[in-house]
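Consider the two complexes below, in which chain A is the common component and chain B and chain C are the respective partners.
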Partner chain A sequence: MSQAQALPTSPLKQFWLKWRFHLNILLILIPLGFMPKYFADAKLFRGEGGLGANVVSDIKVGQWSLDLAELRDEAPRADGPAGHFKLFNAALCKTCTEGAKAIYLRIGKPRSLRAAGTIFFGAPYRMITSLPIPPRTKPDADLWITIEGWDGSMHQASIPLAQASPSTVAWLKKQGGTK
Partner chain B sequence: MNTLIRTLALPFLMLAASPALAHNPMCECEPVAGDQVKCTGGFSDGSGAPGVTLDVIGYDEQVLVGGKLNEDSSLTFNRPEGEYYVLFDAGPGHVVEVDYADIGQP
Partner chain C sequence: MAQQTKKSKSRLWFLVHSWLALPIWFFVLIVCFTGMLAVVSQEIIWLANPDVRATKPSDDAERLSFQQVLDALRKAEPDMAVRSLSQPDGSHFALTAGVTLADGTAPTLYVNPYTGAIQGKSPDFNFEAFTRALHGWWLVPFTNGYSWGWYLVSILGLPMLASLVTGLVVYKKFWRGFFKPLRLGHGPRIFWGDVHRLAGVWSIWFIAVISITGTWFLIQAILGDNHITISSEPVVPVIARQEVPLSQDGSPAPRIDLDEAARIATTSIPGLDISFIQLPLTAYSHIEMGGRGWYPLMFQTASVNPYTRKVDSQFLLGDRSTLEFVTESMRPLHTGDFGGLAIKLIWAFFGLILTLMVFSGLLIWTKRTAQATAAALKRSERQPRQRLARGEPITEVQS
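Let's turn to the complex of A and B:
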């Protein structure tokens, strides 16, 4: 007696039975599509792609000078009820890490050293911080960098936010209508 | 076709899920009855902040109210006169400022 089963009548079913094996190839192709992003991220996080986007070089802060860049050229990211944040990278110049205890970043001039903003962490040549962006920040606001020395001294410098992160300014202008 | 969707659902979900951000400090202040202000601190990963310093500082940098958050991560204080800001201080670089103008009237 024949064991052969009758062919399914539905053309869709026939198509599926005939081609399902080739999903293997699809499963290999899917990760391939994500590889450019993976390698770009790996390059960025290793520092091989530079400090980040919109690098502002050689900002003089007291006796130090540093480079500042946003990690990605994109609008601030929401972090639940805590608000929106932008990641900034900074690097002290190669010969001037001595004496710097802490580096802070803030939108607007800090009122005091206690409220100097968010702190940069990481190696002196590649530090990172998560800067809160209040939605009501004016687009012409300045970004203030505060360096606290081990001797207790405080040094400050500022650059326009529009120079450090044009996409944040664009985002702020868009927020202006709703907040 | 459902099988196909089900087969691909998990890999797609895993790729779509982005890792959570670091825990950022946060502080919210609201007016409460009796001309008082209640501030609640915490971190964006959902953890509370009992025992963390919360100071109310005048624009002249005088500390008007110096306190620590209670067990429920909040502190209630009498609304000070004049211009001031609330400083949630979880350590250097982990601060949140709330300006008096952002604390509404009851």
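Let's turn to the complex of A and C:
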């Protein structure tokens, strides 16, 4: 070790000797700083912060009515080679949870039930899906909701992506600029 | 001359050892302490909150099956959607049920395993999750892959391993130190030095386990963030569309109940222990279940198709590669969560000892190393190179 040889003459060394213990303080400040975010997230995952951001209420899909919201008001998140994803929450209206077998979300109109998009997971009161967002999506694209009935029927509705997730549209516009 | 080189080498080791936890000792201390708390967090909650205890209504009461519990929950709260049922490790714990209520909130309920009664709801402050998040990733959120807090904490495995090695090198004949009494009445420096050494020799195995498994968490994050996987766990495909029956009146297709699913799984997989069961997440999802295998550090899981009654997928001990046996054992070895309360208490005890090691190390450091280093710096200012070349002592007060 070179402590014994190094002379405390360089300003950098002196700075280090003087401030090294303050690294402790900086390290302790990290969790303190993130604590509000931690508790806000815990609340979000317990569903106590509502369905999410930019809630679009009462979207009529066939006989059902549904609320859609993005989990967080933010740009899509990268997940390695799989691309970018955006989490959306949905809730069926309290009196109409019967008969819906599956609910799907997709950018652009699905051609068939087999290509209806990503499926929503969970209880009808609060379902979640991770929607892939290709970076070349047109910012004026529509988000299509497909409900499949237990009788095999298919019901659809759409809302503008710009309404469901303004930050995704802002991100898409930025992507368009660089590509 | 050779003797002197050896001496100065051991002094070098000594200085390395002395400086390892510094200047981040407080960070290391909190990480050790919260880790100790996290090991017994479930037990602390058990002590503090009667809701999480599995109280027997009578001596001859028997545990309900998963389906009986589910029926009781549905009867008590008809609008509630139950997502999962799980028996924590230890029959003194109440069952936990992950549910979603009609208002969209998704709490965890504590359910009596003998009566199916809802004993309470998880409080808003989840002590178990909080201590784990603080210890595991310093509360830094995961936004893109692993959080940088995870790296910050797990990288401590390396200096910890280095302190173990250098500690054993500088502690001459450490194997004789197991029963050395603490010297009282010689001042705090001697006392804390004795505490540090005594705790150290008894903790060799524990420090090795924690630092190696901690370093594994670092490797795990590096692998994960580079999208490298060593897992042989099968990706369970969704149930094929044609296997889910249609109904003319729009009512849901009938699915087998949880007990039937558990029976099918245990018949087809002998030795499968089921301690948790997850209800289908979608109309095309399986009933997932699992529990510990004969090797208690790893879990076995099975996915039962609720329409065709087949076990569509399973991941058993025998399906693991040798590498996975090692890597999957890392987490339970770190947390002490593989052999019930006794192991957890041993882990918590040594976690506390480790916290004490950091603390006593700091006390010794402030009392000795700081002075020694200051002295060395002073002297080296006077005669920088010659003394060192002659192999003379760098510091004065060292052992």
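Note that in this section the second predicted complex is superposed on the first by the 149 of 179 C-alpha atoms of A that agree within 3 Å, B and C clash if a C-alpha of one lies under 4 Å from a C-alpha of the other, contacts with A are read in each partner's own complex, and residues count from 1 in each chain.
Following the convention adopted for this analysis, a contact is a pair of C-beta atoms (placed from the backbone, for glycine too) under 8 Å apart; a residue touches a chain by one contact, two chains touch by 3 or more.
These numbers were taken from a predicted model, which means no experiment stands behind them.
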| item | value |
| --- | --- |
| Which of chain B and chain C A:Phe85 touches, first, second, both or neither | first |
| First (chain B), second (chain C), both or neither touched by A:Arg111 | first |
| First (chain B), second (chain C), both or neither touched by A:Ile119 | both |
| First (chain B), second (chain C), both or neither touched by A:Met35 | second |
| Partner contacting more residues of chain A (chain B vs chain C) | C |
| Touching partner for A:Phe15 - first (chain B), second (chain C), both, neither | neither |
| Partner chain(s) touched by A:Pro132 [first = chain B, second = chain C, both, neither] | first |
| Residues of chain A that lie at the interface with chain B and also at the interface with chain C | 23, 27, 30, 34, 77, 80-81, 102, 114, 119-121 |
| Residues on chain A engaged by chain C in the complex (per definition of touch) | 1, 3-5, 7-8, 20-21, 23-24, 27-28, 30-31, 34-35, 37-38, 41-43, 45-48, 50-51, 77-78, 80-81, 91, 94, 98-99, 101-102, 114, 119-126, 148-152 |
| Chain A residues within the chain B interface of the complex | 12, 16, 23, 27, 30, 34, 77, 79-83, 85, 102, 104, 111-112, 114-121, 129-130, 132 |
| Partner chain A, residues of chain C touching it in the complex | 12, 15-16, 19, 22-27, 30, 81, 83, 100-107, 124, 126, 129-130, 133-134, 138-141, 143-145, 149, 152, 227, 238, 241, 244, 246-253, 281-285, 373, 376-377, 380-381, 384-385, 388, 394-395 |
| Chain A-touching residues of chain B, taken from the complex the two chains share | 1, 4, 7, 11, 15, 21-22, 24-26, 28, 43-44, 57, 59, 61, 85, 87, 89, 92-97 |
